[in-house]
Amino acid sequence: MSLRAELRVVRDRFRLDVDLDVAPGEVVALLGPNGAGKTTALRALAGLTPGGRVRVDGAAWDGLPVRRRPVGVVFQDYLLFPTMSALENVAFGLRARGVRRAAARAEAARWLERVGLAAHAESRPRALSGGQAQRVALARALATGPRLLLLDEPLAALDAGTRVHVRAELSRHLGEFTGHTVLVTHDPLDAMVLADRLVILERGRVVQEGTPAEVARTPRTDYVAHLVGLNLYRGVAEGGTVRLDGGGVLTVAEPADGPVHVAFPPAAVSLFPQAPAGSPRNTWPVTVAGVEQHAHTTRVRLDGAPPVLADITTATLADLRLRPGDALWAVLKATEVRTYPITGAGGG
Amino acid sequence: MSLRAELRVVRDRFRLDVDLDVAPGEVVALLGPNGAGKTTALRALAGLTPGGRVRVDGAAWDGLPVRRRPVGVVFQDYLLFPTMSALENVAFGLRARGVRRAAARAEAARWLERVGLAAHAESRPRALSGGQAQRVALARALATGPRLLLLDEPLAALDAGTRVHVRAELSRHLGEFTGHTVLVTHDPLDAMVLADRLVILERGRVVQEGTPAEVARTPRTDYVAHLVGLNLYRGVAEGGTVRLDGGGVLTVAEPADGPVHVAFPPAAVSLFPQAPAGSPRNTWPVTVAGVEQHAHTTRVRLDGAPPVLADITTATLADLRLRPGDALWAVLKATEVRTYPITGAGGG
Amino acid sequence: MIRDRPLVLVLPALAGLAFLVVPLLGLLVRAPWAELPARLFSAEVGNALRLSLVCASLATALCLVLGVPLAWLLARGDVPGRGLLRALVTVPLVLPPVVGGVALLLVLGRRGLVGQHLEAWFGVSLPFTTAGVVVAEAFVAMPFLVIAVEGALRAADPRYEEAAATLGASRWLTFRRVTLPSVAPGVVAGAVLCWARALGEFGATITFAGNFPGETTTMPLAVYLALETDPDAAIVLSLVLLLVSVGVLAGLRDRWVGGAG
Amino acid sequence: MIRDRPLVLVLPALAGLAFLVVPLLGLLVRAPWAELPARLFSAEVGNALRLSLVCASLATALCLVLGVPLAWLLARGDVPGRGLLRALVTVPLVLPPVVGGVALLLVLGRRGLVGQHLEAWFGVSLPFTTAGVVVAEAFVAMPFLVIAVEGALRAADPRYEEAAATLGASRWLTFRRVTLPSVAPGVVAGAVLCWARALGEFGATITFAGNFPGETTTMPLAVYLALETDPDAAIVLSLVLLLVSVGVLAGLRDRWVGGAG
Amino acid sequence: SSAPDGTTVTVYAAASLTEVFTGLGADFQAANPGARVSFNFGGSSALAQQIGQGAPADVFASASPATMEQVAAEVDRPVTFARNRLEIAVPGGNPAGVTGLADFGRAEARIALCAERVPCGAAAGEVFRAAGITPRPDTLEQDVKAVLTKVRLGEVDAALVYRTDVRAAGGEVEGIGFAEAERAVNDYPIAPLKRASPRGRQFVDFVVSQAGRAALTAAGFDVP
């Protein structure tokens, strides 16, 4: 069973008209430029803004008041209750579900610890920094174990290091999560690491959707092309190498262990007619599957183990005279490859 | 004359102790993990939080009430006046300076246009999306022509496309700006493109400061090393090539014209014993100036035109047996290089 | 948007409403309806009603002009001894109105501390004039405005005022454009309280301003006089006053009372 | 943090303060100070004062229990005819208090609409009892609480309540933990108004509850009687009432009045 | 409230009787050991309202026959136990030099009177008609106390009030008698309620007794 939503919201100067399907356990990333309607879509799903129809696991949510919808929302501006401490904010949802005070506080404390804020449990939101507040908001939304998670840019205010940590924690959580998740983000990396499927909105409509790989392979608008410039794989890491699920082995700079996402931008892939000697650790034979011209770059789809996207300049394209079926060597520096553990915390 | 600040703020669980110097026209980026004290430092500079002493252009600001300080602040949570339209928000500062209503509104409209929000001039903040609100906040702070600009993550909520545009606009503005700017950001690219100098805070103290290049060359903490993984140059672009101010020419994928920043990560640089044939457009001879070992990667400082940082794996290091003075070929794909116009709007 | 309403709130709310409104029903049942039209359209009642409305509105205006700044001073002014000041503001509330009227006479009467100079220098004498009615009503009603507005100011987020300060706004501009609009619902609530209290004011008014038809006889004074001889007439007059007041207040467009809600 | 205060606000604020406080000075000047200690420590005054404080506090408690939910219903309840309801709430404000007392008698008196059943079924009779004093004071004072709290609720950001709803909180829990704390300054302001008004209540009390020393004679009633015989004594009694009230209100720790400020 | 248990007498009395009746009550208790008198002083009309609503009163002493009439159904044969006559009241020292009723017609004098609807106003009206004077009042007060307050504070130059009030005000107010006062006296009726205990009737008897008359006379009332 899954979530089916037909969202229709009309505002003064804006109209949202989006159909959304989310399978159980699936994470859908909602992407799009400012004012595209991402926040509005989340609000409609939560029931905060009336409009359209939502069915989850076969049950219609339309008549359901917000508080009876098993949702967890991270608001773009957090909306932490200013009169409660961080701990009380996180415990609030549990208390609302009838969990006893002591148990709720203990559970809330565990969540704060998970997002690295154990030391700020007693702080009021006004005494938290922006990034700290965002982490409390995330903990608050996750603590109630909702069926539908709605995350509005949940990592935007985090510093790079915390972001890696929280992203990994969130990824682990979402990996185990059997409910539905809709995640709004401006960061393609968040989207590709955390989401199973991307839905891209522009001006209140879906302009493209698909798995990160599909969208990356055939971006339909400039916004999408700009956004999804990443090669992304799953694999199992062992020290400095990752054995990819779809075949192929990549050498990475930062050792990791266990299941990981592996990502690098198409621009990081160099193409050589012959296998070169030099610093790059990853060199493997590929054949050209297709060539797409964008504004200033050319995206080359290459088959191989792994298959890969490479961005090259138009001048290079002319030099190499690429045609489908041509055999080449793909070269990738290990330091260009980022890994993100799929389960278990720890930095990428 | 310049800005000299000794900021001392004591909070429950936190103490800020930062000395800051900003030359006229200089842009200082304040970086640091969540809760490091960046927002607190900006508040102290604006006079909103008492603590320490601030001298600007020879005048002590200590007794000065907030409203007499010629500052422009973009707050992390925007703080747009909820009872005014976007236009009125931007016009407010001008009105406060005695500009007549019609003139103030016209000027405000120009600013809204510059941040791409002409269509939302009459919207109340509650009817703006997160990114739109942030742009209004930026316009509001810039419109009064302050001597000291304090920007708290001014681009965090913007989508990738808008961000490029607004960053360019901001960069152009800051380039012409003769006042002092302190910018808080979590995005290293924003920092390196917009700032002349980085000041890195951790736990309320300065742990490192210097130009982006200096900091990148000798990162003193893991946070810094993680953050500033960029080679950054200034140069003049002409179509697909950029002539760097410090010597050297780089080929770039996206044509540009005029003065630009050029940036690429150290990881994008490959090192070869001989000049290879292949897709990468940029190949130039370098000599090893130094080698630094970090957790999982090795950062190699290379002299040449341009001088460059390259990150390689420890395995590669062993393979190439690098020593200072060794001659190598640096190889860089044009698609890895990003350019950011220094003046004049337009996407990177 | 959220339709379900918890009984634990709705039941006391309805009980409260009943408590306030049912006594009115008692009056309605008791009122001699046959007399009502005659009363309503008598010149005497017309005069008193007009005077009541004019004086209550003027008193409210006076209270707004003096009381809103006072509320601001208490909430934001950083003045020493604020708790005591706030308590002093409630003095006219606690003072029995007749004593309040006496106090006004002691100060503003023709032999009063200030009044004797007013009379000597400006030839102004407040007692027994319509202006005196306004003063008496304002004195009794102002605390409602001040306390209500101060409460609203305290609940407002002061960081918007910080933002205004960074934009170079003086405290006056900030107050006018940022603070005041954001507490507008509180000011409206205070003004409603103030107006209604002024409209019903009796003790201080009759003591300070006296009772002269067309000049100082407001509806409550007329009601009291009627009570002495003809209680049913007094009830009718009260109902007329109520009707008009409820009409005026219900007619306040929701936009003015609106605000964030 | 911002020290400079604009004259355009400070001057009217001080004028307002003077307007409220100077009449008190008039009373102080006039008061027969020599009598004060004797009065203060007389059993009669002690009784009246104690009764006043107890009744005003009970009335305020009653108003809080019924009035805060009513304010919530008006501000958030999405009820039809809200403008009219809000106007009806102000009825006891506009009604001259003596008429209010008559209305209460008509409804809750022994022969009243509701009172006769109260008496027949439960043997409860409110008029002329201490409970009656509380009822009369609550009737007159409740509008202050309701209107002040409603104003505060309207100024509060409803999006926090949305956030609470997404966390599964019932409207009651949301009200208790989210809404109420955020409008606490408004509730305190309303309660202060309510308490002070109840403390000074005279007309409705003497009409509904009568004037029985030790049982229903509150300070304002004592003042009224003293006015009949010894006006100076009335002033002293008023000052005693004031002193106690100002003392209580000034003693409210700033924390309770505090809130966001 | 004090139940009519036969030992407590609950007396509803006009506020202007506060001082006299408080004294009489003490005397009554002294004369009738075991009896207790409990007073409810207030405006006559408010008291009448309360009695009309079934208030537990034993005795009602009103300041005007009209208010007694309002509760005619509840009481037994009212009797007039006191009369009050009007006097001219002027502030101490008589700053405006008022000498008689004629001054009430002067435009420049500030004059306070009771409103026509209340007993003292009705009486004043009769007095002026008898004297052939058209008064030019500045205010028509709702009761004598309000008039008296204005005299005491010097807000008015002259007023018509009851003699008892002038007496009670002490030195701050001077009284000036005049002949026409005889033409308009205000009667104070008293009556036991129909449901009153014997003690109630006993109290009424006490008020009209010799002791009661003496106390009333001392307070400035005329007694019939």
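A, B, C, D and E label the chains in the order they appear, each numbered from 1.
Note that contacts are C-beta pairs under 8 Å (C-beta built on N, C-alpha and C of every residue); 3 or more make two chains touch, one makes a residue touch a chain.
Which protein is which chain? UniProt says A, B = ABC transporter ATP-binding protein; C, D = Molybdenum transport system permease.
Keep in mind that what you see is a predicted model, and the values were worked out from it rather than measured.
Can you list every chain in contact with both chain C and chain E?
D
Per the definition of touch at the top, where is the C-beta contact count highest among chain pairs?
Chain pair with the maximum contact count: C-D.
Cα centroid separation between chain B and chain E, in whole Å?
From the centre of chain B to the centre of chain E is 88 Å.
Please tell me the distance, in whole Å, between the geometric centres of chain D and chain E computed from their C-alpha atoms.
Chain centroid spacing, chain D to chain E, equals 33 Å.
Rounded to a whole Å, what is the gap between the Cα centroids of chain A and chain D?
56
In whole angstrom, what separates the CA-based centres of chain A and chain B?
About 25 Å, centre to centre.
Counting only residues that touch at least 2 other chains, which ones in chain A make the list?
In chain A, residues 48, 65-67 touch at least two other chains, as defined above.
Taking each residue of chain E in turn, which ones touch at least two of the other chains?
If we look for residues of chain E contacting two or more partner chains, we find 43, 46, 49, 149.
Out of chain C, which residues touch more than one other chain, so two or more?
Counting only residues that touch two or more other chains, chain C contributes 2-4, 98, 102, 105-106, 165, 170-171, 182, 184, 224, 227, 231, 260.
Can you list the residues on chain D that touch chain E in the complex?
Against chain E, the touching part of chain D is residues 98, 101-102, 105-106, 109-112, 125, 127-129, 206-207, 210-213, 215, 224-225, 227-231.
Taking the complex as given, what residues does chain C use to touch chain B?
Per the touch definition, chain C meets chain B at residues 159-160, 162-171, 173-174, 177-178, 181-182, 184, 260.
Contact residues on chain E for chain C in the complex?
43-46, 48-49, 64, 66-67, 70, 110, 112, 115, 117-119, 137-142, 146, 149-150, 153-155
Can you list the chain E residues touching chain D in their complex?
Within the complex, chain E touches chain D at residues 1-2, 15-16, 18-19, 38-43, 46, 49-50, 53-56, 145, 149, 152, 168-169.
Name, in rising order, each residue of chain B that touches chain A in their complex.
Answer in residue numbers: 11-13, 32-36, 38-39, 76-77, 119-120, 123, 127-132, 135, 152-153, 156-163, 186, 188, 222-223, 226-227, 240, 251, 253-255, 265-268, 270-274, 276-281, 295-297, 310-313, 315-316, 319-320, 329, 331, 333-336.
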